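Structure first, commentary second.
Letters A, B, C, D and E mark the chains in the order given here, with residues in each chain numbered from 1 onward.
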Amino acid sequence: MSSELLFAVVGALIFTLGVAGTVLVANLLRRILAFNLMGSGAFLVLVGLAQRGGESDPVPHAMVLTGIVVAVAATALALALLRKQHEMKDSEEELTEIDDG
Amino acid sequence: MKRAIVIAAALVFGGLLINAIVDLPSSPVDLRIAVADNMANSGVSHPVTAVLLNFRGYDTLLEIAVLLLALIGLMAAGPMLPPPPNQPADALLQKLARIATPPVIVVGGYLLWAGAFRPGGAFQAGAVLAAAMVLLHLSGLLSAWNAQLLPLARRVILVGGFVLFLCISVALLAAGSLLQYPPHQAGLLILLIESGLTLSLAAILAGLFLFLSRDNGGAP
Amino acid sequence: MVEPVTFVVWLIVLPLAWAVAAFVTGERIGAWLGVVGSAIQTFLVVWMVATWDVAVPVIHRVGGWGAPLGIDLAVDGLALAMLLLTQVVSLPLTIYARSYFSEDASKSRHFWPLAGFLIAGLNALFVSADVFNIYVTLEIVGLSAVSLVAIGGGRAQISAALRYLFATLIGSGAYLLGVALIYGAFGSVSLATLIPLVGSNPPQAFALAGLLMLFGLMLKTALFPFHYWLPPAHGGAAAPVSALLSALVVKASFYLTLRLWTELFASIADDIAWIPALLGAGAILWGSWRAIQAIRIKMLIAYSTVAQLGYLFLVFPLLPGQDAIRATVMQACAHGAAKAAMFAAAGVLIKATGQDTMAGLAGMTGRLPLTLFAFGLAGMTLMGLPPSSGFLAKWQLIEAGMARDLWIIPVVALAGGLLTAVYIFRILSFAFLLSPSSVKIATVPRVQEWTAFALAAGSVLLGLRGVELMALLPGQVP
Amino acid sequence: MSATLAFDLLLSTALVWSAWRTITANRLDQAVVMFIVFGLLMTLAWCRLRAPDIALAEAAIGAGLTGALLLDALGALRKGKTARRRQ
Amino acid sequence: MMTSGELLPLAVFFSSLIPGVLIFLMPESATRTRTTLNILGAVVKLVLIFILLAGVRAGDEFGVSFAVLEGLELAFKADALGLLFITLSAVLWLLTTLYAIGYLEHSAFRRRFFGFFSLCVTSTMGIAMAANLFTFFVFYELLTLSTFPLVVHRGTQAAMRGGRIYLAYTLTGGTVLLTGIVLVQNLLGHTDFAHGGVLGAFDDSRSTYLKAIFFLLIAGVGVKAAIVPLHGWLPQAMVAPAPVSALLHAVAVVKAGAFGIVRIVYEIYGVEFAQSLGLLTPLAIAASITILWGSLRALSQDDLKRRLAFSTVSQVSYIVLGVALFGPIGTIGGVVHLVHQGLMKITLFFCAGNYAETLGIHKVSEMDGAGRRMPVTTLAFSIAALGMMGAPFTAGAVSKAWLSDGAVAANMGWVVWVLWGSSLLNAGYFLPILWRTWFRCNRSGWHAEHIPVAGWRETALLLLIPPIVTATATIAAGIYANSDLSPLAWARLIASREYVTKIVR
């Protein structure tokens, strides 16, 4: 097994871990991490498979660059929504506490 | 119960996937040849940059759109906490940031320029510059941005690179199709686009952090 | 003279341009830019349809390289039909949204850029002939749709947006791995290059890629039982956003499912064709059932979307027959226009009554007759009653099913129509009830009522004149 | 077994392990740290795959910026919690 | 350019559609404009119809079609059979409009009422002029949709309940009908109506299949025709205002169903082919059961409108019965009853409305002495009721005579007994009403009197004219049955075109 193929297999494992994580993990921040793992796994499969003959291939490299940027965009959006949700939960709970008091 | 099912399914799926990967015969199409054949007309000598900004430049155009719209989405939905109190920043960190910033900018510039013939380019350069901005912010030298009160200049910088890219792509439509560079001007146009992108990418990537950040110097 | 082919490019560039311009200039000018831009896009696409020659498939080679090195944009009748639907539905919705958001600058400031990106993403998606490029367009569509849900800023909206975001991200993740496997197996991501290479005995990785990509797309289309994210997102967003999402966004991933199913994955599709059909039937029953039980108007409409999407998948055992594709395109267009009208009308009703409950509708046929009429017309399309486009879709679906002796498909379609009637007339009955005359209603600008009505009338009129639309998808593939 | 293959095997194991820990770590901050470690290991993997462009981007964006975003978010989520506890 | 042969059917169609749309666009308060528009539309329609009648009599062809999809056409034709229905609907539309203007004076939502009223008439025109089953179905469903707002017009919970039941029956029926239509389309590639039928070309191997389709089609239209056991909606829908009951539930809706049966038997299957498949006898049995069951149920209803509703259930099946009697004589009897029953039943509903509006009477048990207070209305009511029983010199007598002759000619002697039984039952539920109104005295006075007597006018003029006209027409159609202008003459023309063999009588 060439090391490129090895990394493709590793990518497959990481993707699987990521999928299982997104389904099983309840904490939303951790889900975001799991989603990022999915992406990284897919990138590894893409480059590893493409280069399993041993030669470097610029086309998947460019695709992965695009993918990384898309992933960070999605992650930032997810974190923003998560924080907003958290913030609103906070203020709501404070409100109820004031009501109780 | 659900856990067991998911884990079993994941094991089956992973097994199938690995089996499929290991068994895969070699691919019938080899784009490396096509890339190599067309490098001379691409305007750059680094293959990845050629793919990213010329052969598949359309992907990159749309990808910047993704980044931009994620930033807008983040501005639209992000938390709107009251501005944090001005904490006294760590003096050491400030000094470090002051020292580090100029070389980082130089590195960014180098990466941008290098992209034409070796690893590097707008993304990497923009990311490095963004990192510098984040560092400046964390050391208290650059305040967080307010998504609700965004000055016009900053908005222009955010979208400038994308607009430049879009305009050049459309202008080239006159040559026959979107983003069809004339071979002789390709190098120059790509450098132009990358320069614009570097600035905007730096601003957008930093913006992903600065619109949300409420930590003046207090990273955990 | 500009060739109509390059119009395709403009359909992508224009909304991108007005999106960024709206971002820079702010909400007031941005709204005008959105409306004018949509009007120009509509004009372009109508021109394209008018000058369309079915026999000549249109390919635009971005960068002049051509596949597989470069990226191709390909326009066929199917893509053109979806482009037409997108522009024709989004134009009235932009006019509606300009009025709807006029009092609320903080929301509209971000609505216009995001809507522009969304429409650009949709147009780019429909014409893309490159599986990786499709991934990027899917992300544009997905992330802008999620952001649009979130602009309301309410707690329910943020939660709905997050749930939607995770669904769409898992979907794109699965799709992306599929792309990776395909590139590994064949060394190309261009559809035109890939299709002849697949052959009769493709490697296992290809089948796996097909399952991954189709799964990802079905998740994004909210096919039962992956619909869990749709009702809160579509039912919770602002009315113009719900309309865009229900009418267009879910259609985009459906369109890709259809396209990949019939073209790239045709060799593996036959064996699993009953799965989407079964899920589609499940969607019709479950979605209708939940809609019948709904208390809130917009929740009812959102569950109705879940049900109506089921019809789209019902045709899969009949593929790749052109009659089945025609039926499903008609259904997509019918549902697109009708659902946009319905959400727009619901927006008016909710603004007027100040509450999102059906009980609040009492007496509204007297107060807001135009809006209720629009709602009724849209409902007629959803029920598949003549002479609406929904009826033509149902008619074609039944005919296609009978032609292959698959009786179960017509039976499900007809039963679904009756279930739809139950929830549509349930809501209309509330509106016909007499109300205490003391109930005060807020005034809503007439333009909102009329745009809702125009969309609803369009969905019905298409039923009287489906020839032109169906001419884009001729009986025999040329 | 050559030295490079041994290194690749080691790196692969580390990658899978860090990914596994990211999902399973008990505490959230541990998970985030493990994810950043995972990003750095990915950078190494890209180098091994002769993809220096990706390695640069992964280091700057994947590990760097994403890491900073995650840590910041973690801080914000925490702060909310402690603020609540103080009340 | 379109020829006049294409334009005329469209003009008939639009003469009620355009007023309908305009009414929706006008404000609620524009009462006078609305009234003018309604009457203008109805008059224009009548003029157009007279031109058509003359043309069709002379043998001209009127028709027009539009492609909806490739191979699927929205097609209209104005033939003798369709025109019969059109003329009936248009005449009664004019009268009912006048009646409704009087009836709904001062009530709310009149814009909505008259708007949907016009749409209903338009749908009826579409049903009458449909040249294929597809077009028929389009307007059949439109009729359902446009009558729903009229049924629930009062906006009460009871109205909603009636509306829901109405929809449940008719939409389900529509679905069954659609199934049958698509099967025909699948079999033939088209669903065109043609004299002598279009399915006759198939051999015996498909006969079971064809019978199944027949069952689906008849069950589908049978809901609106209120064939037992599909009649449950009709008494429920009587919650609607009187003009709605009058036009729609005695004329338009139930007739649309009956008319559909006529088209299906004569122009899809062909009456001779239907006979050879053995489909007519079961149809005759179903019609007979309906005739008797409806009359039986009517006996026990105290609510006047419900009694009339069950009477409708019974009477409409006379038409179906006529269709099912093989031979031109039965056909004439059935087709002419389409008109005769319409005239008589609308008179009864007008009168019932008058009792309710003027004196607040809704129940048979409250009608004692009503004839002295409202002699004109009660006279009209009596004429129509006697007509229903088949009394001499009325339209009803003509129908019944032709139907029994047709039964004998078709060798179905038992049908004569059904007709006699029905007449007896009719007498059983109508004569007590006549007795009460004319010969019993009102002792307690009229507690809920809304409209006072003014000279000879016992109630509002607009409420009085329509029943007078229709009652007169009931007698005229009986006495002048043999003239060239009578409905009977027209029914003979129709029969002569549906049968290849010539009429003897």
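Before moving on, here are some points about what is shown:
The working rule: a contact is a pair of C-beta atoms (placed from the backbone, for glycine too) under 8 Å apart; a residue touches a chain by one contact, two chains touch by 3 or more.
This one's a predicted model, so the numbers in the text were calculated from it and none came from an experiment.
Of all chains in the assembly, none touches chain D and also chain E. The fewest steps needed to get from chain C to chain E, moving only between touching chains, is 1. The interface with the greater number of C-beta contacts, when B-D is set against A-D, is A-D. With centres computed as the average of Cα coordinates, no chain lies farther from chain D than E. Ranked by how close its C-alpha mean sits to the mean of all protein C-alpha atoms, the top chain is C.
Put simply, the chain farthest from chain B by mean CA position is E. Between the CA-based centres of chain B and chain E the separation comes to 73 Å, rounded to the whole angstrom. Averaging Cα coordinates per chain places chain C and chain D 38 Å apart. Computed centre separation for the pair chain A/chain B is 17 angstrom, with centres defined by C-alpha atoms. Chain A and chain C have centres, each the mean of its CA atoms, that are 27 Å apart. Shown for chain D are the residues in touch with two or more other chains, namely 53, 57, 61, 65, 69, 73-74, 76. Of all residues in chain A, those that touch two or more other chains are 8-9, 13, 15, 17-20, 41, 43, 45, 49-50, 52, 59, 61, 63, 65-66, 69-70, 72-74, 76-77, 79, 81-84, 86-87, 89. Shared interface positions of chain C, i.e. residues touching 2 or more other chains, are given as 132, 136, 139, 143, 146-147, 150, 153, 158, 161, 181, 183-185, 187. Listed by label, the pairs of touching chains are A-B, A-C, A-D, B-C, B-D, C-E. Residue ranges of chain E in contact with chain C, taken from their complex: 24, 66-70, 72, 74, 108-109, 111-112, 137-138, 141-142, 144-145, 148-149, 152, 154-157, 159-160, 163-164, 167, 171-172, 174-175, 178-179, 182-183, 185-186. Those residues of chain C lying in contact with chain E across their complex are 363, 365-366, 369, 373, 376, 380, 383, 385-387, 391-392, 395-396, 398-399, 402-403, 410, 414, 417-418, 421, 425, 428-429, 432-434, 463-467, 470-471, 475. Those residues of chain A lying in contact with chain D across their complex are 3-4, 6-7, 9-10, 13-14, 17-18, 20-21, 25, 27, 29-30, 32-34, 36-37, 40-41, 43-44, 47-48, 51, 56, 61, 64-65, 68-69, 71-72, 75-76, 79, 82-83, 86-87, 89-90, 93-94, 97.
Interface residues of chain B, counted against chain C in their complex, comprise 16-17, 19-21, 23-25, 27-31, 34-35, 38, 54-59, 62-63, 65-66, 68-70, 72-77, 148, 152, 155-156, 158-159, 162-163, 166, 169-170, 173, 175-181. Interface residues of chain C, counted against chain B in their complex, comprise 6, 9, 13, 16-17, 19-20, 23-24, 60-65, 68-71, 106, 109-110, 113-114, 117, 120-121, 124, 132-133, 136-137, 139-140, 143-144, 146-147, 150-151, 153, 158, 161, 181, 183-188, 193, 197, 203-205, 208.
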